[in-house]
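For reference, the structures are reproduced in the following blocks.
Here chain A shows up in two complexes: once beside chain B, once beside chain C.
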Partner chain A sequence: MLHNRRKHVAIAISLVAPFVLTFSLVFLWPAIRVVELSFTSGPLIGAGEWVGLENYRRLLSDNLFYTSLKNNGYFILLTVVPTTALALAIALMINRLSGRLQAAMLALFFLPYILPVSVVTMIWTWMLDFQFGILQPVFTFFTGKPVPVFKNPYWVMPMIAVVTIWWTNGFNVLLFIAGLRNIPQELYEAAALDGATGRQQFLRLTWPLLWPVTALVLTLQLILQLKIFDQVYLMSGGGPFNSSYVLLLMVYREAFQLNHGGYASAVALVLFVIIMAVSVLQFQILKIGGRR
Partner chain B sequence: MISTRRIENGILTATTIVGALLWIFPLYWAFVTSIRSEERVVSEEAGLLPDEFNLSSYIDVILNTQLLNWYLNSIVTSVIITLVVIVSGMMCAYAISQMRFPGRRLLYGVVLASFMIPSQALVVTQFILMNSLGFINTWAGIILPQLIIPVVIIVYKQFFDAVPKEMREAVVLDGGGEYTLLFRIYLPLNWGITTALAIITFIMAWNQFLWPFLVVTTEDMMTIPVGITQVNDAFGVFYARLMSVALLGAMPVALAYLIFQKKVTEAVMISSGVKG
Partner chain C sequence: MRLLKTILAASVASFVALPAFAQQQVTWWDFLAGGDGVRMKALIERFNEEHPDIQISGTTLEWGVPYYTKVRTSVAVGQGPDVMTYHLSRMPLGLSEDVLSEITDEDLKVAGLSRDDFFTRALEAASGEDGKLYAIPFDIHSIILYYNKSYFEGSEFLDEEGNLTGIDSLEAFERALAHAKDEGSTAPVSYATGDDGGVYRVFFTLLKQQGGDLIKDGEVLPGDSLDKAAKAIEIMTRWTENGWQPEQAEYEASVALFTSGKAAFHMNGVWEVPTMVDMADKGTLGFEWGAVQIPKLMEQQATWADSHAFAIPAQDMAPEKREAVLKVIGWMEKNGIEWAGAGHIPAYKPVAESPEFAEMEPNATYSKLAETAAYDPRSQIAGVASPVYDAAINVISPAIHGYLEPMQAAEQIKTELQSKLR
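Let's look at the complex of A and B:
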């Protein structure tokens, strides 16, 4: 019996070993090291001196850090709620349709989501090209002249937000459609019998029952948009005048271009703490949502 | 009454269709641009409709960039990532779900917690690690840090938990071990979710930008999403070529999506915890 028990545990260990070993090597170890590194003055490669909280002290007086924080915040304002509202609207529209038409419409709205980020940014850079971009007439119509959007401090963040929403919204649409399909049809039939109008049905039935999904989408978006890097790097490089500089870009610049491994780690940890805080918040919100 | 309702419905459907067409317009426009000559792309007469079928940009980027190399790097790394993530995730989830061993709860707790850790915060020390292992500019360097996708374990565990215990007992009576159980019973029973997870993992691995961008510094080792950003530098701003390379870069995942559309939707819905 004891022999069997031991064999059972040995088999279990052999099953979890591949994951546990990779996890320890490429996740756990780097996670511990990044904390350690953030207390040193180390370059990217090579040993550094232990400097205690010096990196964090420096961070608090670094204007670029505050600029990045502010830009991260601005980007969140521009994306999180708009993309959620838009996804809900699209999901409601698609949900009305049926059969092949529904599948086709969903595919069209979802397709951008599976594209690599560099493909997305290449296409939009072309459409927004200062001289030949097909969207420049729109800018000319509203502002009277063409706008070099990624070189303009006022337009750069809003346009990166537009591109991001276009690229990622399909995922949210899908979540909302899943949520809508989970609402029992009988509820609508009952409501219709009671003479509820479409508007009442939406406000009294659809919206409250969809709230857990809405909370999920909002918090997922919040976490996702905090980590923005790719689009900014590819479209504006953080400029002009740092008006699209964000935290992860700061990590990249400090570590890989300025060779400040220790300082970059401190920035990375701040980002990490913010994301963890939001994740915990998400967990709480979803729990509340689940109880209703 | 009925007719106004019908008109309303018609208007809503038409709005949806127009909206979807506008939504997909950037892809259409990339395609139209890619099949024009460079002169045509920037000429005054170029309209919204495809008026030329000129494949010279495609031929040019295939012949004069490292595109085929990038495809090879992307295919090899994405396939290996998908295989390892699925197989190791499935094995780990099976042990957590069906077996009793010390540290089981702790392991699952770690998996759940790591779900919340943004890998982006680890890129600096992952790079240092890959450097000390000598994996910069290698497939191993691209692959290793992408092997941790905790959501695969979480999803598998949920599905394994739901398999009826009777099936397990029948196999055990016949003298089958845990590996037999996993690969002959639990895996075939969950074939649907396995393909769904595999496709979504493949698409995610293929599209990964930040990590391959950091760990690869030579052009011949780049993956598609990183490599195609070099085309701009190589040609200067030639939009027909840029759109050709963009569409060629997007082709594999776009095809994978169009073929496995149902599976992709299913995987997205399940892996975000909203079971449809």
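Let's look at the complex of A and C:
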């Protein structure tokens, strides 16, 4: 028996090893290095001096850090719940369709998601261009004059949020559709027999049974939107007046533009801790909400 | 069978003989797109034709932060190019990152060049604090003032030969702008008001013309430079208020406003000269144009300027390869007249002082700006695609569109940039 167990262990190890090795090499090791780097004054590449907590001390007195933090928070408010609600609404509507039409609608909503971020931002920058953008007449209709959306401190974040939701929503719709298909049809039949209205069916059946998927989408979105970078970098560059400056942009600028590897690592680590804490917290709260 | 043997023997012989005319492959990186890029590619092609022993394989990468990031990371792991173009305004950062290898006098000799061949300002900008050379300057480029003659015909601003005249102060310039507006120009002076480069270069020129300093001895906008910066922003704001400059114009839009005849003046780099020349040749421009150096609007003559240069990454390189690279650089410098066709002023004096260049228009008209060229401050946070450029798009551009008072904007630049200089 003992001999057999050893054999089992050996097989287990040989099966797990490729993953563990790859994981250690391309994730764990760099992660450890980032922690190490955040305690030094090192450049992007190469060794630096050990400075202890100096980078973190500096971070806490850096106004840009608080501005970025605030903007990250604002962006989450603008995206996480709206995108989830919108995806749910779209999923419910698509779910009522059937056959080819359903597939076509699903494809239509999913299409933006497969585009690379550079293409997405370019499409929107063209459409919103102050001088020649085709959406400017719409703004003119509502506000009386064209709006330089990415150059206006009040418009920039909401506009980036709109683009982000447009771009990523297809995936959430897909998750909701999967969730909806998992609800047994008999439940609706039974509810209909008992005389439940459509509203009641949604509130008592669909919504509670869909809650795990909703919680998942909300958490995924929270993590994703905390990592906002590409859209900001490509559309507004963090401006104007830092009103769209976010934490990852700060990491990028410090590391690649200014060659401050140590400080950038400190910012990145703080962001990592924030994402961990917030997402775990949110998921727990949502689980409690779901059990009720 | 005999035939096969012969073929075999012949191919073996050719393999053995190959090292005798071993070809040097030179990997070349640049960030030159548009009219610049076309001319550089033509130069590379000509070099390859003339030199069977050295072949350049060029790659054009994304201008700005992506370029310098790629250079930085690739050189660190020894995968950099053999030769690359470099902005002299980016030298301080490059030196602090140790990505540039020193160009010795010995190297210059191999390239067939010497220090005396170059303009002093460019040479200084290409040297480190230690006085050693880290790049070979190729050109001096700056912003210039393009003008559309049709708006000024019969006015005090055009002389008998049809050249711009009489703009010797800010008042005169603004009078010309008002005149152009009366003549129907919708954007009398177009520059990229919604773009970091466009805004920064005009701002820096106005600051320098007042004798101000952006960064000096580690201090951002020291002393009365703060007031001068505010003054520069104030002027640019006034141009918006009077409807003289386009609102939130991206780079391409600012050029289009001029080439479509809507703008009387256009402030942009010399690199747009080919655009105008080509359009005029094709007959699609629709008006007579000219270009002069940015006039003295404030107290003294000065223009924002930078240089493209050739640099060799600091990584292991075989001596034969380095020799080939230096030959490439030397050849490029000596054939710089073609590069001048892209609007630039050659940094290599024998070309800049040649009769061919003296005849080249409009380059010859503005080439004297090389003497009063104002390079970006020598700082790790200045130069193309630097925090200074970010400040231009983040603070100055919104300010000139009325989102912030000029003085507040100047103060914000000061605090923001100062915090980056630790």
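The working rule: the second predicted complex is superposed on the first by the 256 of 292 C-alpha atoms of A that agree within 3 Å, B and C clash if a C-alpha of one lies under 4 Å from a C-alpha of the other, contacts with A are read in each partner's own complex, and residues count from 1 in each chain.
Here is the rule we use: contacts are C-beta pairs under 8 Å (C-beta built on N, C-alpha and C of every residue); 3 or more make two chains touch, one makes a residue touch a chain.
As the structure is a prediction and not an experimental result, all values here were calculated from the model.
In the superposition on chain A, A:F130 makes contact with chain C only, not with chain B. Of the two partner chains, chain B is the only one touched by A:P18; chain C is not. Touched residues of chain A, counted separately for chain B and chain C, are more numerous for B. Residue contacts after overlaying the shared chain place A:L209 against neither chain B nor chain C. Of the two partner chains placed by superposition, only chain B is touched by A:R96; chain C is not. In the superposition on chain A, A:S265 contacts chain B only, with no contact to chain C.
Of the two partner chains, chain B and chain C are each touched by A:F256.
When the shared chain is aligned, no partner comes close enough to touch A:A196: not chain B, not chain C. Look at A:L44: by the touch rule set out above, it reaches both chain B and chain C. On chain A, the surface touched by chain B in one complex and the surface touched by chain C in the other have residues 44-45, 129, 131-132, 256 in common. Taken together, the chain C residues at the contact with chain A in this complex read 65, 69, 72-73, 76, 93, 96-98, 194, 196, 246-250, 253, 380-381, 385-387, 390, 393-395, 397-398, 401, 403-404, 412, 419-420. For chain B in complex with chain A, the residues that touch the partner chain are 9, 12-13, 15-17, 19-21, 23-24, 26-27, 29-30, 33, 41-42, 84, 87-89, 91-92, 94-96, 99-102, 104, 107, 110, 114, 116-129, 131, 144-145, 147-148, 153, 177-179, 182, 203, 206-207, 209-210, 214, 224-226, 228-229, 232, 239, 242-243, 245-247, 249-250, 253-254, 256-258, 261, 264-265, 268-269, 272-276.
Those residues of chain A lying in contact with chain C across their complex are 43-46, 62-64, 129-132, 148, 151-153, 237-242, 253, 256-259. Taken in their complex, chain A has these residues touching chain B: 8-9, 11-13, 15-16, 18-20, 22-23, 25-27, 29-31, 33-34, 37, 44-45, 90, 93-94, 96-97, 101, 103-112, 114-119, 122-124, 126-127, 129, 131-132, 134, 166, 171, 174-175, 178-179, 181-182, 213, 216, 220, 223, 227, 229-230, 234, 248, 251-252, 255-256, 261, 264-265, 268-269, 271-272, 275-276, 279.
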